[in-house]
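One structure below.
For clarity, chains are labelled A, B, C and D in written order, and residue numbers in each chain start from 1.
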Amino acid sequence: MKIDLNCDMGESFGTYTLGMDEAIIASISSANIACGFHAGDPQVMGRTVKLAVDHGIAIGAHPGFPDLMGFGRRNMACSDEEIEAYLIYQIGALQAFCTAHGARLRHVKPHGALYNLAVGNESLVRSIARAIARIDTSLFMVALAGGKAERMAAIAHEEGIPTLFEAFPDRAYTAEGTLVARRLPGAVIHDAEEAAARAVRMAVEGVVLAVDGTVVPLAVHTLCVHGDNPNGVTLAATIRARLEAAGIEVRPRTEPLKRL
Amino acid sequence: MKIDLNCDMGESFGTYTLGMDEAIIASISSANIACGFHAGDPQVMGRTVKLAVDHGIAIGAHPGFPDLMGFGRRNMACSDEEIEAYLIYQIGALQAFCTAHGARLRHVKPHGALYNLAVGNESLVRSIARAIARIDTSLFMVALAGGKAERMAAIAHEEGIPTLFEAFPDRAYTAEGTLVARRLPGAVIHDAEEAAARAVRMAVEGVVLAVDGTVVPLAVHTLCVHGDNPNGVTLAATIRARLEAAGIEVRPRTEPLKRL
Amino acid sequence: MKIDLNCDMGESFGTYTLGMDEAIIASISSANIACGFHAGDPQVMGRTVKLAVDHGIAIGAHPGFPDLMGFGRRNMACSDEEIEAYLIYQIGALQAFCTAHGARLRHVKPHGALYNLAVGNESLVRSIARAIARIDTSLFMVALAGGKAERMAAIAHEEGIPTLFEAFPDRAYTAEGTLVARRLPGAVIHDAEEAAARAVRMAVEGVVLAVDGTVVPLAVHTLCVHGDNPNGVTLAATIRARLEAAGIEVRPRTEPLKRL
Amino acid sequence: MKIDLNCDMGESFGTYTLGMDEAIIASISSANIACGFHAGDPQVMGRTVKLAVDHGIAIGAHPGFPDLMGFGRRNMACSDEEIEAYLIYQIGALQAFCTAHGARLRHVKPHGALYNLAVGNESLVRSIARAIARIDTSLFMVALAGGKAERMAAIAHEEGIPTLFEAFPDRAYTAEGTLVARRLPGAVIHDAEEAAARAVRMAVEGVVLAVDGTVVPLAVHTLCVHGDNPNGVTLAATIRARLEAAGIEVRPRTEPLKRL
């Protein structure tokens, strides 16, 4: 049994440092690297790709809206054509740093508002998938597990690329398999052991315990952890330790995906 | 006999239009496409790559300083590491649009202040060449013909890439084979037939008539024309017509270069 | 009788030219000058303020979303605090150029998506009005005439500033006094004489002929014309000529406004 | 006897935090606030002005080159007209936040490469001074004490504004009264007591002990401290305590300056 642990990285910019990339990298198996639109800059991208290569983990592009001031977290009404062009641009830029370091890009995970808007917006999902497919049909698209995941994967499949489903061990889920909104009480799980237990259950059983006590099936290929604060780093290390203790190998999925 | 005619393209940005790309493209054999730092945006890049593909001309990346407000024409004191990262980023972004359109990037021509600063700055030339080489050692670097050209090509060769020498048929040259500064009288040749005659002589004889009346040897692989104004478009069409009338084929150099 | 004719100006950026500012300025009585977020740059702002001062017309700030690539035409989900800060920043920057040229800022007209979103979004209107009021309570806020105009003015009044209602003589109106969406046939009136006749009726009678043939009351202080194309310039000149021929003085409103 | 203690503040941007503004503010008497070009954003500017107002300290604009990625530390070859426009823009933006918070801008201190380039570049000094003078002739320009300071002040005086001379208690000085370059050993003084002793001597005697052991006269109005790291905060607190213990009042100079 195996599961991927991913983390957003390379979010520093110029003189500004964000994220504890060097601390979290020992715990994860794939890095989503910002591409300069919502965070990251060319030097940071190069350094982060090198860091990932040095640690032998998989590399993904983490493209976002062109909104550095808002960190890509604000919805922007971009057309499908704009989204497609913005993704080709950002993925290509990161891909070149991979080439420069002898690595190969493996996946693309949209960032922030772009990631959230894609859930349930079929036209947007298609634009994202098409951009990826036009660059390399062996790249995985990462999409939120549960709810709309199967439909998003179907669209990506039509465009020619495989999809990885992502879940959040430190986030509460509804009985419908969707994330509890961050503003609601209990939305974020701060206890490392509790998050780790949820991670193990996601990986082993493919389920999550919802806030109403029901056990919800959740097909998951990759678990997201956070390296932007010391608690996140501890939480990631605990998750990895508990996964390995449970006999689960932490590693990126690289072989062709069969539909779950 | 053959020669390449190149033009900077894709310099529009958002709502702003710059350059008569559709008018000049019939006259040229390779396009240097802006990459979003000094000009161009992802949609413009995609459209311009498509335009070049539709016309069967060669595609080059045209990276510049991160200075949209100054159109990349202002010197910026960037470190070698910054330059290398900025080039990898921009070239990679354009390369992805080439891939998306089934095309292959052929060359890299630095823009504006970056191009000018490279003449005679060995450390900068090395950074540029290294960035290119780290992405694809079959890419050509474009450098100003005459003066420092051989030394620049030697550095690029050490880094693993070939160099194309570029000349300007509508610019006056000194007896040393360098460009007469733009601010001096007579620096720019506005007469299309005169520019065309100079282009033919560059292509056939490998020389240019300097302002002091001497005939200066000038090894040239590609001639630069301008599409940012109607006169430039006329001038380019005239140059092409006169080159072809002289039996010179206008086409990009794609085979491995022997040192001149 | 009098009316103001306004036009968006100063939308060039760096090497990019947009708008025929020098051609349209003879026809208008107030200029809305872009402030560097969606268009304009510091040099363009200085030159445009000087142009307005030289022609003795009123000056307004034309702030927009921080989205140069989208020309401020894309909705962005900014918080009220962000909007307020963005407006204070942009208005202050333009105000300094007014001071530098011995002029005084008179009004603030939000641009593009920000202007459109404000219609019917009370929280956004309040943020805009508050930003203006915190800088200078003698500044006018410009809002779309008809429909929500009275409610927007009431909010601005609560925040301490007066409002000017703006109408578009070259746009079709519904029977409810709202603009016909641009994508619908007949939404834009291209005939200069027809637009001028509508402008006169707006100024003299305070009404507009709607697409269904009804005559709709429309309280208007300022009419918007466009200088981004030759037809717009002609249309503006025609409107001004017909207004003056009808005995209407074209000039900005500067005295304290009584509620209409 | 009195002296001003100033610190660069408001250098955070979007999601990125830089500087310990809340920690250092108790030690200083004036704040130089970034204006959005090299650092800072509109929300950060508003919050930082409020912080300064709440602590009753003087507020200055801290404008820089338009180079967020390089934090304004890279030389850019801007024309005098560009510099003047960039300063008017940035100062105006900050001034509006001062107005919004009922405060008054007191001084302008160029940032980074712009500050350093101004030392000895008379044309650049004149552009900076002219921009300030065009906005408000009661604003002080801040310039590096020693060496070129008198000449810079003379130029500013010609343009109509007064100058404040700034010294760095934690930096080594040459016998000529210039800063020892950062890359040289001993250029930065890390010991808080030593820096504080130098600060007292600067304030009381108007001299600095140079690296060669000579005592160099140094006319100083304001001392710069740093809040971007914990050591800087401690150093600032120590300097303030030692200044006050020596009977020197720490406060901004607000009265008209007599030439030293």
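What to note about this one:
As a working rule, contacts are C-beta pairs under 8 Å (C-beta built on N, C-alpha and C of every residue); 3 or more make two chains touch, one makes a residue touch a chain.
Quick caveat: nothing in here was measured; it's all calculated off a predicted structure.
Set against one another, A-B and B-D show the most C-beta pairs in contact at A-B.
Of all residue numbers used at the contact between chain C and chain D, over half are used by both chains, marking a mostly same-residue interface.
Look at where the CA atoms of chain B average out and do the same for chain D: the two points lie 44 Å apart. Measuring from the averaged C-alpha position of chain A to that of chain B gives a distance of 40 Å. Counting only residues that touch two or more partner chains, chain C has 41, 69-70, 82. By the touch rule above, chain B contacts chain C in their complex via residues 13-18, 39, 41, 68-71. Listed in rising order, the residues of chain B touching chain A in the complex are 36, 41-43, 45-46, 81-82, 84-86, 88-97, 99-100, 131, 134-136.
Only residues 66-67, 69-70, 74-78, 82, 113 of chain D touch chain B when the two sit together in their complex.
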